[in-house]
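In the two complexes below, subunit A is the common chain; its partner is subunit B in one and subunit C in the other.
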Partner chain A sequence: MRSKFITYLIFFGPISSFISGLLFVPIIANIWYSFHRWQGVGSEPIFVGLENYIALFSDSDFLLTLFNVARYVSFILPLVVLVPLFLAVTFQQDDKWSKIVRSVVIFPFAFSMVVEGVLWRWVYQPHVGPASLLKIDIIGNYATAIYGVAFVAFWQAMGFYMYMFLAGIGSIDTALYESAKIDGASSLQIFRYITLPLLKPTLAFVVTMALIWNIQTFDPVFVVTHGGPGFSTLTPVFYVYWLAFNRQDIGYASTVAVILLIITLIIASISLKLFQRGE
Partner chain B sequence: MKNHRNVITNAIKLIVGILMILLVVVPFVWMLLVSFQEKYTMYYLESFIPSTIKNYIDAFTIYDSSLLRWLLNSAIVSLFTAGIVIITSTLGGYGFARINFKMRESLFTLYLSTIMIPFATTLIPLLIFFKTLGLTNTYLGLILPFCANIVPTFWIRQYVKNLPKELEDAARIDGCSDIQVFTKIVLPLLKPAIGVVALYTIWNQWNALLWPLVVVQDMSMYTATQALALLQGGTQMATNWGLIMAIAFITGLPMFIMFLAFQKMFIKGMVLGALKG
Partner chain C sequence: MDLTINESKQNLNTTLMMGINEKVRSMNKNKISRREALSTAAKVAIGSGVAIVVAGGVAAYLATRPPQVVEKIVTIEKPVERTVVTTVAGVPTTVIETRRETVVQTATPTVRPKVTMWKGPHTPDDPGVYAPIVQAFKSQNPDIDVEFVSVPWDQLSAKLASGVASGTVCDVAYLPSVWMYQYANQGALVELETLPNFNEVKSQPYKSTPWRAGQFMGHQYGIPYLSVAVVVMYNKDIFEKAGVGQPPKNWEELIEVAKQIHSPDKGIYALGMPLGWEAYVTHWCSSLLYSYGANVPLSFGKPIPGVGDNDMTLNTDAGVEGMTMMKRMWEYSQKGKLTRGEVTDLFFAGKIGMVPHESFTVPLLDKHPEIRAGVFQMPEGPVGRYTYGESGYISIFKQTKNLDATWKFARFITSRDQNKKYLEASYLFPARDDIEIEEFTKGKHADIYQEYIKAVEHGRYSMYSIYGEELGRMQDDIIAGGADIKSTLQRTAENIMMIIKASGFKL
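Now for the complex of A and B:
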């Protein structure tokens, strides 16, 4: 019995202590903080019940971050689904050209958003950057800055999503394609009636993960626009960071973090439900 | 008719391929060109011809020669995280694949659901805990949160599940304990998966921004990625772009080398591992 206990401890102990100590306990602590007024680590937290949650509704900056992230996600989601899917279908064969294109497209994914955000800040320079050909200052404009940032995030991750789809396509039985070709189906028909329906699990996974990741966007915003111009690219995670570390408002920052968790869980489960229903 | 169709398909492949390559390559080439320029302004670029390596020399000497230290910090932190994650994920992955107990699958599902938790939701408590424990501005402080990642354990679990069980059973009949079976039989078979876990963890840690920003304030403890993000944040007019581009290139270089050396392993692990759920 004792040796059995030691076996469990060795195999499950390390991962369980990390997951509990550094994820589960902090989440509970975060929820607890959200019911307090707590200005700075040095001061005493004061229990205020739901005060922080009520304050959220009249906080125009918080509502703005939700609006910003909604614009961000609605721009990037179609991009990271449609473009990589198209690329995966176009370059699925193992000819030399396809291989070259695939490894170039995944290339930006190897680097940090920070390195690439710096690149793109320069690309977006309205006077000498490549984007100056467009004659607009994309990231200096209130209306367009968030899309400029989202495009950088898409550019970085497109190869990753393409490989997701390639893996999904690779798991489809090639005999299905062969028989469809013999029956004279066009490549568009093959895509519509064979590839797309069988890619549904991949699609569900990609959409759900893209939602979860992009709702939490921080790195590209921090580097490319730093939330500006004005607050036009401030996202919820950036807001949490700013509240906690610039304004030292730990209780309220924790409240925003709780709301972010709830939104993420709701959207992820809706996304998965929708795909399950379609089956 | 069939030939006609093939021509169109190939033309699409060619054009789309070229466009995608340009989209990826142009920003990188632009970075390199700017990094070799001495005279540049936001409004005017004198020429595209590389003319000086001054920015690369400056990169290592400016800010009290801190860049080397920052790169070293990133390397130390990434390698140690990888080491810890390899230990926890092989043990945990094997456990969740082979060692039975009641509720094992529900416990694993609970752990796996943590991939949905926004880091922002654990950020503030982690910082407060770490401040209390004196872990801010330390390597351990940078490392620990990246060890609480279930993804590598998930990969190893999948990998172990696909291994034939006969070898392990034979070893058990010969009187090996679970731990001996793990170290003598299973661990050597896990080598390719361990490689993937190491690459993924190093990549993840090297490129991280939010946590280093929060837990490290002391300039000598910055990671390279963090330092780059903070250095480039000045106003665009005042920013020394040639220098920033040189630092960006140097910061990205280790990932570039890793990518070239292990491309297949890197991609396979990330993508297939994620998909098998």
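Now for the complex of A and C:
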């Protein structure tokens, strides 16, 4: 038994320590802080029980961030599913043009969001950027700013999702396509009755990951609008950052983070369940 | 026994098979169940987690515990004079006897006092600028050691906070006003008026606003070291083309001038107004509100008549009037969610007529000789003229173990000559009237710099670091979001009071 334990210690020890240290310990610490009032380094956490959680449900700013992220996700989710799927189906061949298009589409994914955010700020600039030609002010307008940010995130992630779909398409048996062609099926029918049903696992992955990542969006908001104008693009994760580093209210920020984790888990689970039921 | 070849092969196979089966049986014996594997893995994971937490705790304790003062027990010999009463021939007689005796005493090792200073850099080579200052101090005070540590700004805040929390902070530091208020509120700074020779420092010709802003809750926590102020920079060509002779002196005049020069069809915008929280503190909004008498608590510097530094008057008629003016200004501004930097770029592209600026923008004029720029003081409102202000202070932490030496050093570096050495290297404005920097009095942009120096006295310093985002949001909501002014001001005032309370400030 002792030798077995040593074997497990050798094999599981490093990865367990890694996971415990970087994942479980911060999550547990976060939950612990969510029951405290704490101003950060230099002050002592004071236990306040459920006070932060009670305050959260009457916090109009938190509700506003949920509304903002709902608008953000509802805009970006169809885009990151439909456009990359279309691109993957259209440019799946190994010909020269398909390769060029695939390289161009994945290009933004290779860059940091900070760089791209700055670039897009210039694109959206209503006085000197390309947007000035259209006489539109996307990120200075309360109604449209969130969509401007979401589009930047979509633009960056589009290539990644396209490659996910390409991998899914690549795993479909080509004999199915050949027999469908022999039976006289059109391209649309092949897509509808072969590609799409067999891509369901990939679709489930893409939708679930897109949901999780975009509910937790931070960097495009931080770089492009910094949550503004006003709080019109403030998302829940940005709100956590804002509470922690601007208000120095670490306890309350931890509470928002805990609730956000629960919300994300629920939505991701529902998404997976729906796809499993579909199978 | 004779065996055929086939029989031999069969026997061999049977033996081999038996061996393999034995091995398999033996392996099966060692095989563990999935439950057992998961259980062991979970134990290892929990054990590792606990070990990490314990190790982290021990490391954090060791890293943050205050330094131990070690006292040495020494044995010394010293001559002792004592009076001994003896009897000589039956008569008590007093004689004085000197003898050597060995005594054991506890003694603290003699350590030269050392003063450690932390400062964020204002020059490309702060240690180089400070070296002669420290040298001059040491030549006057050879018994005091000084360690000057230049800490990058992005690390200084955390270093100070963790230092105060763990008892390892420096003796003296350069603190921007907002940090000074925070540490004063935490009780981490020395009340300077309790120190000897304070009146000597107080009697120096400090500008009244930076000196006053060095006080918090009735105590002086910092000696002013340098100042920052904001004035409005304007494009002379745009003014002249529109027939505007003089820059505006008050907010109504500013609107009148804006009407004259605003020409969006030609790509000319009268005012540069960034959105977001940073815009509040250094641009129009805070100056405008103060000048209407709308105050937010924890504002310092030039006082507002009839309004205390900790009064909340944002959600009063003064605030409504101020933000109504701000909304009128937005009509003559560029649009879009632009940062300060982007608005500055538009100004230097010749597209904006007037924009508030801190002094570090002045050198940009040399890069844009095509722009003829002038500056004017922030317009005056119904209760006076105000501008965003900030000063840097030399403050002493209560944790210092060498208060006398530290106080001596603080007074030395803030003395006229030493202060001047630093300001000449950093191109920052003095907080006292007896320092003249040649660049500001005789340089190419001396007239512009003089306006900045005048603006120092109009400075009002706010704790924007804790509620600036809230004020920026208020500004955005009202001018760009079309929100109702009165209710937005009320919401902002309530949020600010909540933030101040949560931040531990007692008003």
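The criterion applied here is as follows: the second predicted complex is superposed on the first by the 272 of 279 C-alpha atoms of A that agree within 3 Å, B and C clash if a C-alpha of one lies under 4 Å from a C-alpha of the other, contacts with A are read in each partner's own complex, and residues count from 1 in each chain.
Basically, contacts are C-beta pairs under 8 Å (C-beta built on N, C-alpha and C of every residue); 3 or more make two chains touch, one makes a residue touch a chain.
This one's a predicted model, so the numbers in the text were calculated from it and none came from an experiment.
By the touch criterion defined above, A:Tyr72 reaches neither subunit B nor subunit C. When the two complexes are overlaid on their common chain A, residue A:Phe151 makes contact with neither subunit B nor subunit C. By the touch criterion defined above, A:Gly40 reaches subunit C but does not reach subunit B.
By the document's definition of touching, both partners, subunit B and subunit C, reach A:Ile19. By the document's definition of touching, both partners, subunit B and subunit C, reach A:Tyr8.
By the touch criterion defined above, A:Phe231 lies against subunit C but remains apart from subunit B after alignment on the C-alpha atoms of chain A.
By the touch criterion stated above, A:Gln125 is placed in contact with subunit B and with subunit C alike.
Legend: residue contacts after superposition of the two complexes on their common chain; A:Tyr142 is shown touching subunit C, with no touch to subunit B. In the superposed pair of complexes, A:Phe62 makes contact with neither subunit B nor subunit C. Touching more residues of subunit A than its counterpart among subunit B and subunit C is B.
Contacts of subunit A with subunit B, set against its contacts with subunit C after fitting on chain A, overlap at residues 8, 12, 16, 19, 21, 25, 41, 121, 125, 127-128, 226.
Across the complex, subunit A meets subunit C through its residues 4-5, 8-9, 12-13, 16-17, 19-21, 24-25, 37, 39-43, 121, 124-128, 137, 139-140, 142, 145, 225-226, 228-232, 242, 246-249.
Residue ranges on subunit B touching subunit A, taken from their complex, read 5, 9, 12-14, 16-17, 20-21, 23-28, 30-31, 34, 40-45, 87-89, 91-92, 94-96, 99, 101, 111, 114-129, 131, 144-145, 147-148, 150, 153, 177-179, 182, 203, 206-210, 213-214, 225-226, 228-229, 232-233, 236, 241, 244-245, 248, 251-252, 255-256, 258-259, 263, 266-267, 270-272, 274-275, 277.
Residue ranges of subunit A in contact with subunit B, taken from their complex: 3, 7-8, 10-12, 14-16, 18-19, 21-23, 25-27, 29-30, 33, 41, 86-87, 90-91, 97-98, 100-101, 103-108, 110-123, 125, 127-130, 155, 160, 163-164, 166-168, 186-187, 202, 205, 209, 212, 215-216, 218-219, 222-223, 226, 236-237, 240-241, 244-245, 250, 253-254, 256-258, 260-261, 264-265, 268. The touching residues of subunit C, when paired with subunit A in their complex, are 32, 37, 40-41, 44-46, 48-49, 51-53, 56, 158, 161-162, 164-165, 186, 267, 269, 275-276, 334-338, 342, 345-346, 349, 351, 466, 468-469, 472-473, 476-477, 480-481, 483, 499, 502-504.
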